[in-house]
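What follows is a set of structures for review.
The following pair of complexes shares a single chain, subunit A, combined with subunit B in the former and subunit C in the latter.
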Partner chain A sequence: MSASRRDFLKRTGWGAMGLTAAAVAGRTPATWAATAPYPEWIPASTKPPKRGGVLTRASQWDPPLIDPRLTQSVGLFQFAGLVSSRLIRYSFPEEVSGPSDLSLKPDLAESWQSSPDSRVWTFKLRQGVKWQNVPPLNGREFVAADVKYCFEQYAKEGVQSFNFREIESMETPDKYTLRVHLNTPNVFFPQSVAESVAVIFSREVLEEDGDLKKRMIGTGPFILKEHNRKVRIVLTRNPDYYDKGRPYVDEYVILSTPDTATRFAAFRAGQSDFVSLATPSEAELLRKTNPNVQVQAYHNTLTPFGVALAQDRPPFNDVRVRRAISMAIDRQKQVDTVYEGHGIIGWGVPYIYYQDKQPTAKDLGPWWQYRPAEAKKLLAEAGHPNGFTTTLFYYEYFPQMTSQVQLVQSDLKKNLNIDVKITKLDYTTYYGRYVEGKWDGLSWGFQSGHAVGLDERTYQYMHSKSTKNFFKVNDPQIDELTTKLRQTPDRAEQAKITKKIVDREFDQVLRMWMPYDNGFLMVQPYMRNGSPLAIRRTDAYGSPTIARVWLDK
Partner chain B sequence: MYKYVIRRLLLAVPVLLLSSLIVFGLMRVMPGDALTALMAESGNVGERELKKLRKDLGLDKPYYEQYLLWVWQMVSFNPGDSIFTNEPIPVSLKKAIPVTVELAALAMILGLVIAIPIGVLSATRQDTPPDYAGRVVAVSGLSLPDFWLGTLVITFAAIWFRWIPPIGYVSFWESPWRNLQQFLLPAAVLGFRLSAATMRMTRSTVLEVLREDYVRTAWAKGLGGRIVVYKHALKNALIPVVTIVGGQLGVLLAGTVVVETIFALPGMGRLTVEAILYRDYPVVQTNVMLVAATLVTLNLIVDLTYAWLDPRIRYS
Partner chain C sequence: MATVTARVSDFEVEPTETISRTRALWHVIRRKPLGMASAVVLLLVVLTAIFADIMAPYDPLATQPEIRLSAPSRAHPFGTDDIGRDVFSRVIYGSRISLWVGLLAVGIGTAVGMWIGLLCGYCEGRLDLTLQRVMDAIQAIPGLVLALAIVSVLKPSTTNAMLAIAVVIIPGNSRIVRGAVLSAKQNRYVEAAQAIGCRHPRIIMSHILPNVTAPILIIASIWFGNAILIEATLSFLGVGTQPPTPSWGLMLSSTGRAFMEQAPWLAIFPGLAISLAVLGFNLFGDTLRDAWDPRLRRQG
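Let's look at the complex of A and B:
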């Protein structure tokens, strides 16, 4: 009862806001894309940063637990990267010229280099780094053995074991050097340890408590002062943080606010300093009441969602069927209606790894164009002139997803006479069924949102032997290319191989990506340096960005 | 009287037992378990590892064994720990119950404060503008769902007054003023809905009682209007109202789920819904049993209240 009420609330709330915005502005939502006045990038402030203040955010996410070995929940990683550091990190907004710069920077490791075959990686650690001055660590020095212990624990059990089990062995020649031997060459290993989820936790807490569910102590810019589930998370400035002078704010408070309308209201009332929005009409509505806020029109480099087909069995093991379905879906209509023109048509590998400009439907090849007549012809050639009946199950991550699912259903019925029976599931049922992989028909598939690295987006999600191959990709060429990619150190060569992988994926319609919102970040007028990067959002897995935010009050 | 109470308490045992079987069964019928919810998304956990973790949590035991173990834990007042957070369930409940009790109590008080005077006014001014206004309010309360009203209230409070109840629960003992700020609006939303049925019932029963012979006698004796209405008529009119209020306690508890979500209050409703979504069996089962026991007790109290209101009612 309550779930359906909440669902209805979400839908009516968002729908009403969209309609109201359109009505108030007197134009159709689709025209927003052309007129959106918001910049894609807000450069870092040139003013000298001010110290102090409390940064507050009403957040929809509430971490189920705080053990980074047991969950990759965005609820945890909206702050874990602020309490704990990683060996290497991605750049902060003030260090880049634009949102697509994904260069790596030193965090706990000052430098890193590989052996010529990319199998042995040596990390030189920053000296003088202290654990937070909280018992039982009490500010002791951070050393290489800490990283070795942490990586060993990640490999032993939990959600990150797949990544860390590629480590064959580790050695610590001295206090500040860690040498990692991999099972197979991987040029992207530094990217893997730079992911937001690869935080370094402390040996003492794990050994004393037996798990990491109660305490989180790290070497990061903030100390976890309070974690009161369903109420708030309070982080206070770590005075011993190695990057002297940072962070700028005294406290960062995350308020658990599950309802969308309440988060918007909190932002309006000044109880929240920043908020993420999906559509232009939402942005416009909030700007009407809060005209001085800063808005960044975000541009996604990939979509996490698409139609996954049971391509290990008929009829979807026939590439003609996959191509026909792909051509029968009007993606642009989804972008124009569901995302009011501010969305991407959908691709799974971040384009910034193989080209400069955002791909158009044309770039994605013939099967990504909306060509219903040809789709019907191709389906007939595949032996289904009268269509067929199939199923599609999904979990509604956000209200727009249900509209998209229904549009796909309608397109397939209208253009191919394929009857799609939709089942909407709750989170746990969906994951149980989807990840297990023993399903027929279609699913609204996903790839998890935390990863930035190319290896994660190619080898780990597409190689037939990977446990993250949820889309059931089983293509020898993809296997060969993704393996080759992780053995190729040259950037230009990487881009060429990545393009081949992407071309192959689109040609064979191995994953049928669907449109996704570009979104907006709206921040209060006094918040500085909160601009999100290409795949890193300030408020979620990209939370370390908060370490550089300051309040101009 | 005592015999009646004991008989009612004994009757509660099969009710609770049946509830326990239903909630236990329903949770096991739902696909997936806590580990699926926790780890599956990462795709990094092998089936062998999941089996080991299920064994550690006792999820691999036969259902009857899990049920008996849980019943034993419940009767020994040790419902165990949350599968998800490892937090002892009594600790979670200790945090959530005061929130829901405060919200429900305030909603009930506000509901009654709104409902009874307006109901009486409607009855004593039948078919006049105040009566029409009262009836409109009552019908609105019945028609407008909590989630819609709650969303409107919080949205327009932000737009018009640049104010919403402070997010981030604080207890009454920490900061009474902040706590009241947090609870008044959600309690009003919840109470408004609750007041509607009570208002209508108060109006109709007061109308009925005002036509009784003894009330006419009271008027004939020259008693003042207030004394006739409030001393002679209202007490007798309240018995069906009490029945309605008692029956609405379940609705009230269900309403807290939605209102707690909108106003970000960490009560029983949110705790239970989250536990259902994450298949946190022990938490869901304990919460449902607690609600069942509360409703059984409150219904008993309502029945006993009849005897106080109407001296003719005797349970012995």
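Let's look at the complex of A and C:
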């Protein structure tokens, strides 16, 4: 039987119409339930862990490259912390008192202490740790000289150079002791080396290859078995890992799945063991088909995204313009609609460092309230009564972001007659352009999601001289306060200075934070101990948690 | 003898009437329901694009987040999108982008392809050889990949998407025109024109071009549908029309894909619009071919 081209077109047309009618007719208006009563925290299992099994995750990210000196991309650090270890680490879910517990634990270093002026830090390394049994390391012993070499390389080039250039010198009095001398006092240095991006890589690979783009060999719980770009990453259990008995799973497979619908489908079908969601309605949809899954409705302590303005040049170097723009954006509406009420209004420094409760919109000050009339007046005072035209580029990290970008554009047009031309870019182009800083107008900017430490969130991201000052902050008061903060050992005093930094940031609208989801993590019923912690999502920069995950099958 | 006379009369060529292209087209449209349907669809798309301001019940850019992801209702026949914009209005305005892209891309692609084809077919020799090898090289790259590469090098925008589509169209058109020109060149009237010393431009413009317009128009109408599809694909891939401009492809990719499960209407209606427009143009291309095929253009 054969059909002509016309017959085919005709039948297809009728078929499409029929399907449309069926799909639309069966729908009722979208009335999603408010946030379902999901727990904020899933405590660690009390049962004895089981060994074995393969953990799989469909991931939205793909590493642009695997050299930890050259990128802080979550695509890399969703697994780099599993292959390589750090000197110190943040606590895992079964060790903490709650999601906001930021206490440090030994990793490659068993202990650490500073000189009274916080300029010299001494780390005593764990003995008997072996590099993974892969050529050219072949399981040789890990020693203090490895850390010295690695930190020197970080300081030489790459995105982390600013952090490591504060090291004046290093010495290794013996195989297991590293002494670091800093240029200036820094009470947060242990936090800096505990950041997920401060992984210790091997000298041999760098010396043989000239870079770290092809191979990753570390001392971590997993060995990188396969890295097939835009396809999958396979990590296999490291039998020589120093923490005997761990990790529990034999393999961790990360499938590159940029499409949200495909990730959800993979989770539904049991091909992915955990998935992150942004809104309650997404959680509800998955729960409909998979009622037995575990859901955690965690609360973010900060937002990583905001409107970055080229404030090094007009018109955004005028604080009145920044304040006017900030007041013209209805953030609460974004929280209520885009995030269905399960979101935060947006701030950049984790509030847990300066207050107990999550800030409210009021706490952010007058320039962060939605006041379009005042905004228009202020913009006119700044010399732009008729608005102006500008550009905004962004990368869609998740679908809700595109909604937000368009809402901001709509608010600015409606309230200030600012015409924003949007360009949506692919990840590599966006990341390169944004991080390089050679852009005008606006960008939907980010601060790297990896940073857990206070120094990273303040001095590293806000100091005018920092290579991570993506938002182009240039404020002498901020420079002074962030420098002072890293020299203050007292926790109460730290909180006070942090509050001053935050207040100054809000007053000058130095970084225009945008609402962000509070998020959900959905895990299969048999997965244990994968709960995300504050600023440490298991699927992202908090990936070292996977070493403690086990499958109750 | 009588038989012979009868045979001779049988072979006498009867006087035939050559009908105009418009009449031939109308004739086919009236006779074939698919032709009529495609014409109606085209008319609908064109009128929708022209009168979008009148037809659309809402501003396609006006956001109303309070009613986001509302299902089709009397107030919003195609529902609302992720920030509460009326999908019906956006689909209506989307026809402008599609038609505009189709017109410009196909216009540029056809014009450039036609001139290359005319030159190659008429001049032949080295020029033909060189240009056709360039066309071969372009054609060796899959159309969508070529368009993607061009837009990636330039910058994601509707204009650049149009240029990219035009480049994709050029080689195919040039080949068809070249073939038609080579055939038209064999006609006696062309030889006669050359013999009486007509200049080349005049021969091309007055004697060859009118005889190759039919295949050009037919292929252009089919390309029109393809151009809409490529624009939609480029926008779907994020390198075509940029938000918040209502483009069918962009609607399909940005909200349609992201909210497919929660709000299927966000994917269905722009998808249907694309299908309908492409189907319309393809069928209309077929109708044109039926009407303007030289074998069918003679009555009697």
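Basically, the second predicted complex is superposed on the first by the 455 of 553 C-alpha atoms of A that agree within 3 Å, B and C clash if a C-alpha of one lies under 4 Å from a C-alpha of the other, contacts with A are read in each partner's own complex, and residues count from 1 in each chain.
We adopt the following convention: a residue touches a chain if its C-beta (ideal position, glycine included) is under 8 Å from a C-beta of that chain, and two chains touch if they have at least 3 such contacts.
None of the values given here were measured: they were computed from a predicted structure.
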First (subunit B), second (subunit C), both or neither touched by A:S111: neither
Subunit B versus subunit C as contact partner of A:Q355, first or second or both or neither: neither
Touched partner set for A:L407, first subunit B, second subunit C, both or neither: second
Touched partner set for A:S281, first subunit B, second subunit C, both or neither: second
Broader residue contact with subunit A after superposition on the shared chain, subunit B or subunit C: B
First (subunit B), second (subunit C), both or neither touched by A:F162: first
Subunit B versus subunit C as contact partner of A:R268, first or second or both or neither: first
First, second, both or neither for A:L65, with subunit B first and subunit C second: first
Contacts of A:T389 with subunit B and subunit C, given as first, second, both or neither: neither
Contacts of A:S464 with subunit B and subunit C, given as first, second, both or neither: neither
Subunit A residues contacted in one complex by subunit B, in the other by subunit C: 5-6, 9, 12-13, 259, 261, 264, 426
Parts of subunit B lying in touch with subunit A, wherever the complex brings them together: 30-33, 36-46, 49, 84-86, 145, 147-148, 151, 154-155, 157-159, 162-164, 166-169, 254, 257-258, 261-264, 266, 269-271, 273-274, 277-279
Subunit A to subunit C touching residues, read off their complex: 5-6, 9-10, 12-13, 16-17, 20, 23-24, 27-30, 32, 259-261, 264, 281-282, 285, 333-334, 336-338, 396, 399-400, 402-403, 405-407, 409-410, 421-426
In the complex with subunit A, residue positions of subunit C that touch it: 34, 61-63, 65-66, 68-73, 82-84, 155-157, 238, 242-244, 254-255, 257-265, 268-269, 272, 275-276, 279, 282-283, 286
Complex contacts: residues of subunit A adjacent to subunit B: 1-3, 5-6, 8-9, 12-13, 58, 62, 64-65, 70-73, 157-163, 211, 213-214, 228-232, 253, 255-259, 261-262, 264-266, 268-272, 289, 426-429, 431-435, 448, 467-468, 470
